[in-house]
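Presented below are the structures under discussion, each in the form of C-alpha cells.
The following pair of complexes shares a single chain, chain A, combined with chain B in the former and chain C in the latter.
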Partner chain A sequence: MEKLLVIENLSVEFPSPRGPLRAVDGVNLEVRAGEIVGLIGESGSGKSTVLLAVMGLIARPGRILPGSSVRLKGRELTQLSQKAYRAVRGYEIGMVFQDPMTALNPSMPIGEQVRESLRVHRYCKSKAEERERVIQLLEAVGITNAAQRYRAYPHQFSGGMLQRVLIASALACNPRLLLADEPTTALDVTIQAQILDLLKEINRERNTAILLVSHDIGLAAEFCDRIAVMYAGRIVEVGPAERVVNDPQHPYTRGLVGCLPTWGGRRGRLEPIPGSLPDLTRLPHGCAFADRCPLALPECRDQEIPLIVTSDGREVSCIRTEEEVAV
Partner chain B sequence: MSAAPLLEVRDLYKHFVLPRTLLSRLLTGQGNRIVHAVNGVSFVLHAGETLGLVGESGSGKSTLGRTILRLYEPTAGEVRFDGQDVFRLDAAGLRRFRQQAQIVFQNPYASLNPRKTVRQILNVPLMLRGVPKQERQAEAAALMERVGLAARHLDRYPHQFSGGQRQRIGIARALAMHPRLIVLDEPVSALDVSVQAQIINLLEDLQLEYRLTYLFISHDLSVVRHLSTRVAVMYLGQIVELGPTEPLFEEPLHPYTRALLSAAPGQGQRERIILQGAPPSPLDPPPGCPFHPRCPAAVGEVCRTVRPPLAPHPGGRWVSCHLYGGLAQEDGRVASVGQ
Partner chain C sequence: MAVWRRLFANPSAAAGLVVILLYAFAALFAPVIAPYGPREMVLANRLKPPAFLEGGSPSHLLGTDHLGYDIFSRILYGARVSLLVGLISVAISLVIGTLLGCIAGYWRGWIDRILSRIADLLMGFPYLLFTIFAMAIIGPGFGNLIIALCFKAWVEFYRLARGEMLTENTKEYVEAARALGRRPVAIIVSEVLPNIYHSLLVLGTLRMGYMIIMEASLSFLGLGIPPSIPAWGSMVSAGRDQMLNAWWVATMPGLAIVGLVLAINLFGEGLREALDPRLRR
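== the complex of A and B ==
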C-alpha cells in the first residue's frame, strides 16, 4: 500500500520552569492509504502532541526539533510556511477533536461551520454548490433533515450529533487522511458505538486513512488495523492491532493490558503497573520505562533502545524482546 | 448474606425544578419545568456486597447516590438504612447516619479543599467521630498508610499529589468515619488505566478488611463487571434491569441492557446493536416505558402507554420490560429478542 503519512524522528519540546519538556521524543510512524492506525497511551504520553505536530499546530513557545520529518505523500510538512500549511489543513488532512461541545463556534449555524473549509479552500465553484455539498455531507454523517437544520446552532444538538457535524466538517474537502483525537471520549457508550461505526464506514467507502488517538486500548483493538503504543513521548510497540493487544511484547504494553478488567468476567486481581510516569523534563537516556519494568537490566538504562523487528513483523523497543520470544 | 438488608430504597423520586422567568411563563402559558432525575427507584443493598449502578450520562445514577445519602432531599419515597427511615432523621440521627454512610466523589481535583493540608482534611471526620485530639495524629498517619500513601506527606496540600493519590486521600477521608456503606461515584473515571487498577485493587482490599458495602456508580461496564456482586442498569431515572453480575452480563434481559453491553468496546467480535438517536431528555420523559422511542424490540401500544414495573425474574433478577410481563408472550417476540 502507498505510504500516505510518514513521521520520522519527530521530537517536540515545550519550555517549562524546570527546563525543556520533551513531549514527543524521536517518534517514527507510518500511515498507509486507507489504513486505520491507533496511537495509544496514557495522559502525558505525547499522543495528542503527535497529531498537533502533523497538523502544524504546535504553538510557540513549543517547537518541533530540527531533524524531525513529517511527510504527506512525500511532501515535507515541517518546513512549510504558515500560509502553505493552511492549504494543507482541512484540505489534505481533516481533524476531529475530543470535545464536540467546545470545538464548534456556539454563535454560528452548523451548516456555515461545515461550509467554512469549502469556502477557505475554494472547493466549490459557487455558494449554491457549497451549500448543496454541506447538506450532502451532513446527510452522509447521519443528520436527518439536513437542509432544515443547516441554520441550526450547536446548542440545539446533542453531543453525539455535534461530533457528527465535526466529522462532516473534517471531511468537507474529501481529505485522504483524518486525524481523530479521542473522538468518542466525551460521549456515552451507545453514542460512541454510533460514531465509531460512522468513522469505519467513511474509511471503507471513501478510503480515508484514519490516525486515531485514544487511551482506550480495547476500543483501538477493535477499530484499528495497526496500533502504536506510546510511553513518555516514545513509541514502544507497533504492530497489527489484534497481535499487540492479545500478545503484547513490550513490558509496558503488557502492563497496560494486564491492568484492564477483562470483559470475560473476573479473573482475579488486576495487576497495576507500579510507580508513575517519569519526569518529561529529565527523560533518561535509556529506556523510559526501565524504572517501572519488572524485566529491567542494567543495560536498559545506559543505551538508547531502538525499535526491534520481531519474528512476527512487529516492532518493539525492548532489548529483552528477542530472548522473551525465544523462551 | 443476612436477612435484613443494610439499605432499602423504596419508590424513590427526585425531581429538580428549573424555574422559568415570569416573562417566559406568560409567553408559554406553562409553569416551571421539572427534571425527572430519579423517577421511582426501588432496590435493596445487602451488607458486604457491591451493587454496581451503570447508566449513561443523565440517567440519574449520581442523583440517586446522593439522594440516598440525603445530600439531596427527595421528592417522594423512602430510604431505610439499617431499618431507620433516613428522611425522617433529626439532626443528631442524621449525623450518626452520615458517619456510617460515606461518599467518594469522581473528581479528585474538585473534591478536596485546595487550601487545607491532608492532615486538616482528615482531621474533620476524625473529630466528628469523636477521636480525642491526641490520637488523631496517629489515626491520620495510619489512614494514609492504609490507602498506600506515606504518613510523612500529611502536611502537603492536595495540589502536591497526582490524581490517583488524591483519590486515595478521598478514600481515606471516607474511611476515617468507619463507615459501613460507601457510595463510590465514578471514583476511577478521571484516572489513567494503570492508576485505575491500583485504586480498584485498593477498594477491593478495603471492602474485605472492613466488610464495607459499596454502591459503585460508573459508566465503565468492564470496571463494574469486575467489582460488582450485582448490577443495576439505569435509564432516564429508572432501573430497567437488576441482577447478579455474571448472568446479567452473559444474558441481559432488557433490550436497553443488551444494546448497552453490546456497545462496550473490548469484547472482540460480537454483534453490535446500534441504537438510533440519543436518550430523551429527563425534562420531558416519554410516557410508558422510558426506552420505547429507541427500543428495537418494542411490542406496540403497551410500551408507549404503560410504564412496566420492575418485576422479578428467575435467578434473583429483576427486569422492567413488557416483553417479560406476559403481555407480549403470545406473539413470539420474546424468542426473537432472545437472540
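== the complex of A and C ==
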C-alpha cells in the first residue's frame, strides 16, 4: 500500500524550568493510504504531541528538533512556511478533537462551522454549493434533518452529535488523512461505539486513513489495523493490532494489556503497572521503561535500545524480546 | 432578542436606558428645546433663582448664573459635550484596547511582554493626575481632551481583552480553527471576538460614566473644554463662588452629571446581568 504519512525521527522539545522537556523522542511511524493506525499510550506519553507536530501546531516555545521529518505523500511538511502549512491543515489532513463540547465555537451555528472548512480552502465555487455540501456532509455523519439544523447552535446538541459535526467539518475537504485525538474519551460508552462505527464507515467508504490517538488499547485493538505503543515519548512496539494485543512483546505493552478487564474474571485481579512515567527532562539513555520493568537487566539502562523486528513483522524496542519469543 | 428582553425585565436598567435616551434627545435637539442660546447673556437677569423658588420666573426654569446665562439652556447644550466625550473616548479606547489585547493574548511572546509592561506602567498613575498632567502639556480643547483620556483608558480594555483571549486560546475550538487552516486574524475576528465582545461592551458602558466624570473634573479645573463651549464641569466651577447666595448655579449642572452617570451605570450593570448567564436570576 502507498505510504501516505511518514514520520521519521520526530522529536519535540518544550522548555521547562528544569531544562528542556523531550515530549517526543525520535518517533518513527507510517500511515499507509486507507489504513487505521492507533497510537496508544498513557497520559504524558507524547501521543497527542505527535498529532500536533504533524499538523504543525506545536505552540511556541515548544519546537520540533532539527533532523525530524514528517512527510505527507512524499512532501516534507516540517519545512513548510506558515502559509503553506495552512493550506495543508483541514485540506489534506483533517483533525477531530477530544472534547466536542469545547471544540466547536459556541457562538457560531454548526452549519456555518462546517462551511468554514470549505470556505478557508475555497473548496466550492459558490455559497449555495458550499451549503449543499455542508448538508450532505452532516447527513453523511448521521445528523438527520441537516437542512433544518444548519442554523442550530452547539448548545442545542448532545456531545455525540457535536462529535459528528466535528467529524463532518474535518471531512469537509475530503482529506486523505484524518487525525483523531481521543475522539471518544469525552463521550458515553454507547455513543463511543457509534462514533467509532462512523469513523470506520468513513474509512471504508472514502478510503480515508485515520491516525487515532487513544489511551485505551482495548478500543484500539478492535478499531485499528495497526497499533503503535508509545512510552515516554518513544515508540516501544508497532505491529498489527491483533498481534500486539494478543501477544504483546514489549513488557510495557504487556502491562497495558494486563490492565484490561476480561470476561469471566479468569485472571482474578487486574495487574497495574508499578511506578509512573519517568522525568521527561532527564530521559535515560537506555530504555525509559527499565525502572518499572519486571524483566529489566543492567544492560537495559546502559545502551540505546534498537527496534527489533520480530518474526511476525512487528517492531519491538526491547533487548529481551528474542528470548521472550523463545520462551 | 433575548438580551433585550432580559434587559427590560430589569427595572433599573430600563430606567437607566430611558434617562440616557432623554439626555441624548436633549443634546440632539438642544437648539429646539432650549429657550435661550448657549451664549445669550442678559446681565440684568444675573443670578435669578430657579422657577420653583421664590423670586424665580418661568422664563428661566433653573435660574441664571452670575453672567445672566440661562442655566437650563446651558445644561442642554452641555449634554452634547458630556455625551460626545464619553462616546468618542470610550469608542477609541475600546477599539485600541481590544485590538492590542487580542494581539497580545493570541501571540503572547515579546509583544505581550512589551504591551503588558506599558499597561502596568500606565495603571500605576492615578487617572485624574495623569490626565491633568497630559492636558497641562498639550493644552485644553476638545480633541486634546479625548487624546488625554484615551491615553490611559485603553489599558482597561486591553487587560480585559487580553485575559479573555488567553482563556479562549486554550479552548479547543480555537485549536480546531487552526487545524482547519484558518489564518490567525480570521480566528481572532470571527471565532474569538463573537465570544468575548459581551464583556468588552459592558466594560465600555461602565467606563463611559467614568469618562464623563473625568471630562467634568477637567473642565472644572479649567483644563478640559474651552470656556466658550458650555460644559457641565466648567458650569459647576463657575458657580463655586456663588455657592452661598446662589446655590443653584453650581448644583444644577452637578445634578445633570449625577443623573447621567447614574443612568449609564444602572444601564451598564443591567447589561452585564443580561449578558452574563452566571448572573441570570
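As a working rule, the second predicted complex is superposed on the first by the 323 of 327 C-alpha atoms of A that agree within 3 Å, B and C clash if a C-alpha of one lies under 4 Å from a C-alpha of the other, contacts with A are read in each partner's own complex, and residues count from 1 in each chain.
Definition applied: a contact is a pair of C-beta atoms (placed from the backbone, for glycine too) under 8 Å apart; a residue touches a chain by one contact, two chains touch by 3 or more.
Fair warning: this is a prediction, and the values are worked out from it, not measured in the lab.
Could you tell me whether chain B and chain C fit or clash when both sit on chain A in the superposition?
Overlaying the two complexes on chain A (C-alpha atoms) leaves chain C and chain B fitting together cleanly.
For A:Q79 in the superposed arrangement: first (chain B), second (chain C), both or neither?
Neither partner.
Between chain B and chain C, which makes contact with more of the residues in chain A?
Greater contact footprint in residues on chain A: B.
Angle chain B-chain A-chain C between C-alpha centres, in steps of 10 degrees?
So the C-alpha centres give an angle of 80 degrees.
Counting only touches as set out at the top, which of chain B and chain C does A:A87 meet: first, second, both, neither?
Second partner only, chain C.
Touch check for A:M161: first (chain B), second (chain C), both, or neither?
After superposing on A, A:M161 lies in contact with chain B but is clear of chain C.
Pick one for A:S276: touches chain B only (first), chain C only (second), both, or neither.
Touch partner of A:S276: chain B, not chain C.
Determine, under the contact definition given at the top, whether A:E42 touches first (chain B), second (chain C), both, or neither.
first
Determine, under the contact definition given at the top, whether A:Q303 touches first (chain B), second (chain C), both, or neither.
neither
Pick out the closest CA atoms of chain B and chain C after fitting on chain A and give their distance in Å.
6
Intersection of chain A residues contacting chain B with those contacting chain C?
none
In the complex of these two chains, what residues of chain C are touching chain A?
Going by the criterion above, the answer is residues 108-109, 171-173, 175-183, 186, 191, 194-195.
Tell me, which parts of chain B touch chain A in their complex?
56-57, 162, 164, 192-198, 200-201, 204, 219, 221-223, 225-227, 245-246, 249, 259-260, 262-268, 272, 274-275, 278-279
What part of chain A is in contact with chain B in the complex they form?
On the chain A side, the touching residues are 42-43, 158, 160-161, 188-194, 196-197, 215-219, 221-223, 255-256, 259-263, 265-266, 269-273, 276.
Mind pulling up the chain A residues that touch chain C in the complex?
55, 57, 60, 85-91, 94-95, 97-99, 102-108, 116-117, 120-121, 166, 169-170
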